[in-house]
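Each of the next two complexes has subunit A plus one more chain, namely subunit B in the first and subunit C in the second.
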Partner chain A sequence: MAERRRWGVPLLLLAPGLALLIAMFIAPLMAFMEYSFYRFRRGRLTADYNLDTYRRFLTDEYYHVIILDTLKVATLVTLIALAIGYPLAYAMWKINRPGLQRWLGLLIFSPILVSVVVRSYGWTVLLSDQGPVNWALRGLGLTDEPVTLVFNLTGVLIALAHVFLPFVVFPIFSSMTRLDPSLREAASDLGAGWWMTFRRVTLPLTLPGVVAGAQICFVLSLGAFVTPAMLGGGRVLVLPLQVYSATSEINWPVAAVGGLVLLIAALLAVLGFNRLLRYSEVR
Partner chain B sequence: MSEPDVELAGVTKAFGSFVAVRDVSFSVPKGSFFSLLGPSGCGKSTTLRMIAGLEHPDSGSLRIAGTNMAGVAPYRRPTNMVFQRWALFPHMTVAENVAFGLEAERTPRAEISTRVAEALALVGLATMAGRKPGQLSGGQMQRVALARALVKRPQVLLLDEPLGALDLKLRLQMQLELKRIQREVGTTFVYVTHDQAEALTMSEAIAVMNDGRLEQVGSPQEIYDRPTTRFVAGFIGNANIFAADFVPDGEGATMVTLDGLSFRARTDTPLSGRGHVALRYERLRLATGTTLARAVVRDAIFTGSAVHYVLGVENSAVELTAETPYDGTVPLHQRGETVGLSWDEAAPRLFADG
Partner chain C sequence: MSNWAIRHILLAIFTFGAIIYIVAPLAIVVLNSFSSVAYSVFPPPGFSLRWYANLFEQSAFGVAALRSVLLATLATALALVIGTMASYALVRHRPRGGELIKGLLMSPIVLPKIVLGVALFMFFVRIGLINTQISLLLAHTLVILPYVIAMLTAALMNFDWSLVEAASDLGARPLRSFRKVVLPQISTSMTIAAIFAWITSFDQVESTIFLVRAGTTTLPIEMFLYLQKWQDPTIAALSTLLILFAILLLLGLDAMMRRKRLTLEILNRGQ
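Moving on, here comes the complex of A and B:
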């Protein structure tokens, strides 16, 4: 009796979410995956089950490049977001004035409040050859020729790092606020200056925040579609774009396998980051 | 006499409108075990943190080993600190924690490993070098914190209630251990505690603080026997404290009068006017012969090695507590029993209001 009562309430609470997940996500996913075994020839789908599409993804150079580019974009975006996000989180932590921190937090969060389409158009304007960024670079004498910042990889990286920045900053900031202030005092008391205190105490103890932020940023970057589509200028062929164009040609098998590869990449990334998280946490 | 290791003169520190430390001056002799004692919030920790350089005095001067410390960062001071909750680096092993301070001053690697081993042996943790703080007990973490500070061979070791988080048995054991280590290394210890028994047991000198002010500095016995303020009399040991009237008796002593009770008290100088009188529990004697007063036993509290009697003085509203040692040979006085009460003329401590 007691056993059943202990399970009853959690199951009841789980039921709506579970039902929604099965009906709207897992069932369609299974159906979609079935298409991955179909044959697509001359614009027509036939239901003779085979592994041709999988074989192509595994052996065709074309798909290898796309998969590697997708991983490269996600890695670079994550690194850039970390390089900007860590100092930002550190500054926010050091400010130590709750009012100012709230405003700064809102500012860092702001990219997410703007629609992705609007944001991407904004970047095309800002980063164009005649745009304010190039104007500033020329004004500072850093360049004579306009630098191509958009409709290529650079534009995609800038825009993705911008929008995923909050996902990196907040976990790092929260790991900093959890840091026992007496640890830094102890380091200083033991003769460590700022740099040694940072390198030996602050950074290692905020690594869990770094790993958590990197994980979210990397997985979101893998699945990013609108930004590479609008700012890549057709030169950044990431997997989500490939899946999109395949569906528009009703090439279901390629779309399905592409989706599956993305899912596997995301799962592997999550597993890898969780592993790192376990190492970075103090036992 | 050699120069004091730590010297505070008129040190004041405020946080916003709250004055944590007011005009505090004292000096700590070289090689001594010096305690800062007081209730929580009295400013003792702030004082210690100012010596460490973690807080900066608003006014007054602070000298360590003769050098003025104004504007000297914590990492440049010849002091090291054992923090309240020890503040061990949780991601480093015991040996790495202890080595940290030596690496900061770029000690050669070979010397680091010998000194770390020495320090861990001193605190009895030689076999724990490879463990992480999370795998240690409270007492062991306390020892690591001590080793980590001592390995730097500081001029002055600062300890901020290091035993506060330990249970009673372990605390008593660590008190003796700390004393032993202090004798062995000969370093000056400045020790913050709110536990008067701890301060009395361990210190050569005690500075009692209350409400940001320094109340009294002296040896444990001085502080206990001759408290100079009413606060010290009440904070250290157990004392009956009453408002009373003082009149010089013309023979160099003072007559003390309070509600239906009048007695002579020997004082350095005769006092007059209103004030307070403090009588320690254990200085009161339950006597049969000539007595100063008669009283009815209202309650008898048995504590094992002693008995506390709550006594109502006859023809008076005064209630006193007396402590008598218990050795099992004399039967306890019962509630309702009338007893005679006396004390030595030197026992009462008088504090004039003013």
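Moving on, here comes the complex of A and C:
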């Protein structure tokens, strides 16, 4: 690349992107921050700057429960998605017929092509008291009473893990395809059984994929709104729902501080997982 | 039976179960759309097409669908133009602070969508530009721009720039050498970026739910709001049409992957 490092042309080319970023991202976030210092009283917003809303988030137990529930949901969803996603990526990797492998990959990917509203709606039907899951459970004689699977935490977890599953499978699969086959051959030549080879070679070397998938899943789960709104039935109050209802009630300071907490949680999660990623690659 | 066989049978059973888990919520929607009753019960007591009839009587969905298609198409076109320009500048010219600028352009991806939605709403109320179609378009463009830039900077990184130098030595102007030399090489990446960007734009709920008003909503928001009030299978009928559309897209992706010999790596868009 003989090009000299000069501004001018690159600046011209970058200008539309940067303008969009400033107008639709940086400026709105600044307005958002400003409202976090406003006062909300008797349904009215006033611009006398104060830290009351921040204080309430730090001291009021009500907000602590919401924040902890949000983290709990994201953690559980990530664990479920990994538990399903890792073996699935492994199966996809093991298939040695390219056509079959491509179709399994596209099948795993396909829910992304359908709106998250449709997928969440599908889960409300599937998990309802009169739905197929309860029908099957009754048919198998596992239960007489319908099991409540929807409009509670269970439903939210099952559906969210489904929504984010592709984001977990593909990073893991891609770390598996990068695996050097000679390492596993060497392990089995040295007399290691399947489990030993998996535990000492395959798993440690695919850990970066696991961490990358977990990162995406965790961060997306933190911000999930549609699925908890549709499957939580008002019983699962996570930060995105709290931000939504506070905004609707014109309580913008609470919405802004709640959103800020969510943003900080997402940033910390990204940084934390990045550290984990470096650590998993070094080993 | 050997351990090897047992392991592979277990893995096959697990995979089969996982496929059911992946497909079930979509399959049930299709089944439910043909149900003869308004409440959801399994198995349905009978079959009918009444929910499709009901769907086509509700013009709100048709208008919203049209708006969503238009919005997704315009936002994708805009993001491709802006994103290609930015990616080209970042990779080709490597300006000082390029990494920082790329990080900045990618940063909306980390922001929870609901935070973006609320921030945009507050900002537009503040400056008095709420409820304009242009703000909706720009919001969609912002959300999908990082995907385009990620995909195109990666494609341009692998590009052999000596070809451009050869073209300019032969007297091609920059724009012409871009069109004749660079563009053909990155067109596959651009197509894939466009598909992902379009799908992502078409599925925006929380980032724009405060920016739309009754009568000017997009399709997913219209569906979301309808489901807050009603639970009848009209939505199932509409969802079935969207699933049909997704299947067509899937067949298209499959054909493209086969023809261009692409690996499953392209579906890994989190990187």
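Following the convention adopted for this analysis, the second predicted complex is superposed on the first by the 266 of 283 C-alpha atoms of A that agree within 3 Å, B and C clash if a C-alpha of one lies under 4 Å from a C-alpha of the other, contacts with A are read in each partner's own complex, and residues count from 1 in each chain.
The rule is simple: contacts are C-beta pairs under 8 Å (C-beta built on N, C-alpha and C of every residue); 3 or more make two chains touch, one makes a residue touch a chain.
Predicted, not measured: the structure shown is a model, and the values here were computed from it.
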| item | value |
| --- | --- |
| Side-by-side fit of subunit B and subunit C on subunit A, or clash | fit |
| Partner chain in contact with A:W103 - subunit B first, subunit C second, else both or neither | second |
| Which of subunit B and subunit C A:M196 touches, first, second, both or neither | first |
| Partner chain(s) touched by A:S188 [first = subunit B, second = subunit C, both, neither] | first |
| Which of subunit B and subunit C A:P204 touches, first, second, both or neither | first |
| Subunit B versus subunit C as contact partner of A:R42, first or second or both or neither | neither |
| Subunit A: partner with more touched residues, subunit B or subunit C | C |
| Touched partner set for A:D180, first subunit B, second subunit C, both or neither | first |
| Closest approach of subunit C to subunit B (Cα atoms, Å) | 11 |
| Touching residues on subunit B, where the partner in the complex is subunit A | 52-54, 73-76, 79-81, 83-85, 87-91, 100-101, 103-105, 132, 134, 148-149, 152 |
| Subunit B partner contacts - residues on subunit A that touch it in the complex | 180, 182-183, 185-193, 196, 200-201, 204-205, 282-283 |
| Interface residues, subunit A side, partner subunit C - complex | 1-3, 5-7, 9-11, 13-14, 16-18, 20-21, 23-25, 27-29, 31-32, 35, 84, 87-88, 90-92, 94, 101-119, 121-126, 128, 130-132, 134-135, 159, 162, 165-167, 170-171, 173-174, 177, 194, 212-213, 216, 219, 222-223, 225-226, 229-230, 240, 243-244, 247, 252, 255-256, 259-260, 262-263, 266-267, 270 |
| Residues of subunit C that touch subunit A when the two form their complex | 3-4, 7-8, 11-12, 14-15, 18-19, 21-26, 28-29, 32, 39-43, 81-83, 85-86, 88-90, 92-96, 101, 104-105, 107-108, 110-116, 118-124, 126, 138-139, 141-142, 145, 149, 161, 165, 199, 202-203, 205-206, 209-210, 219-220, 223-224, 227, 231, 235-236, 239, 242-243, 246, 249-250, 253-254, 257-258, 263-265, 267-271 |
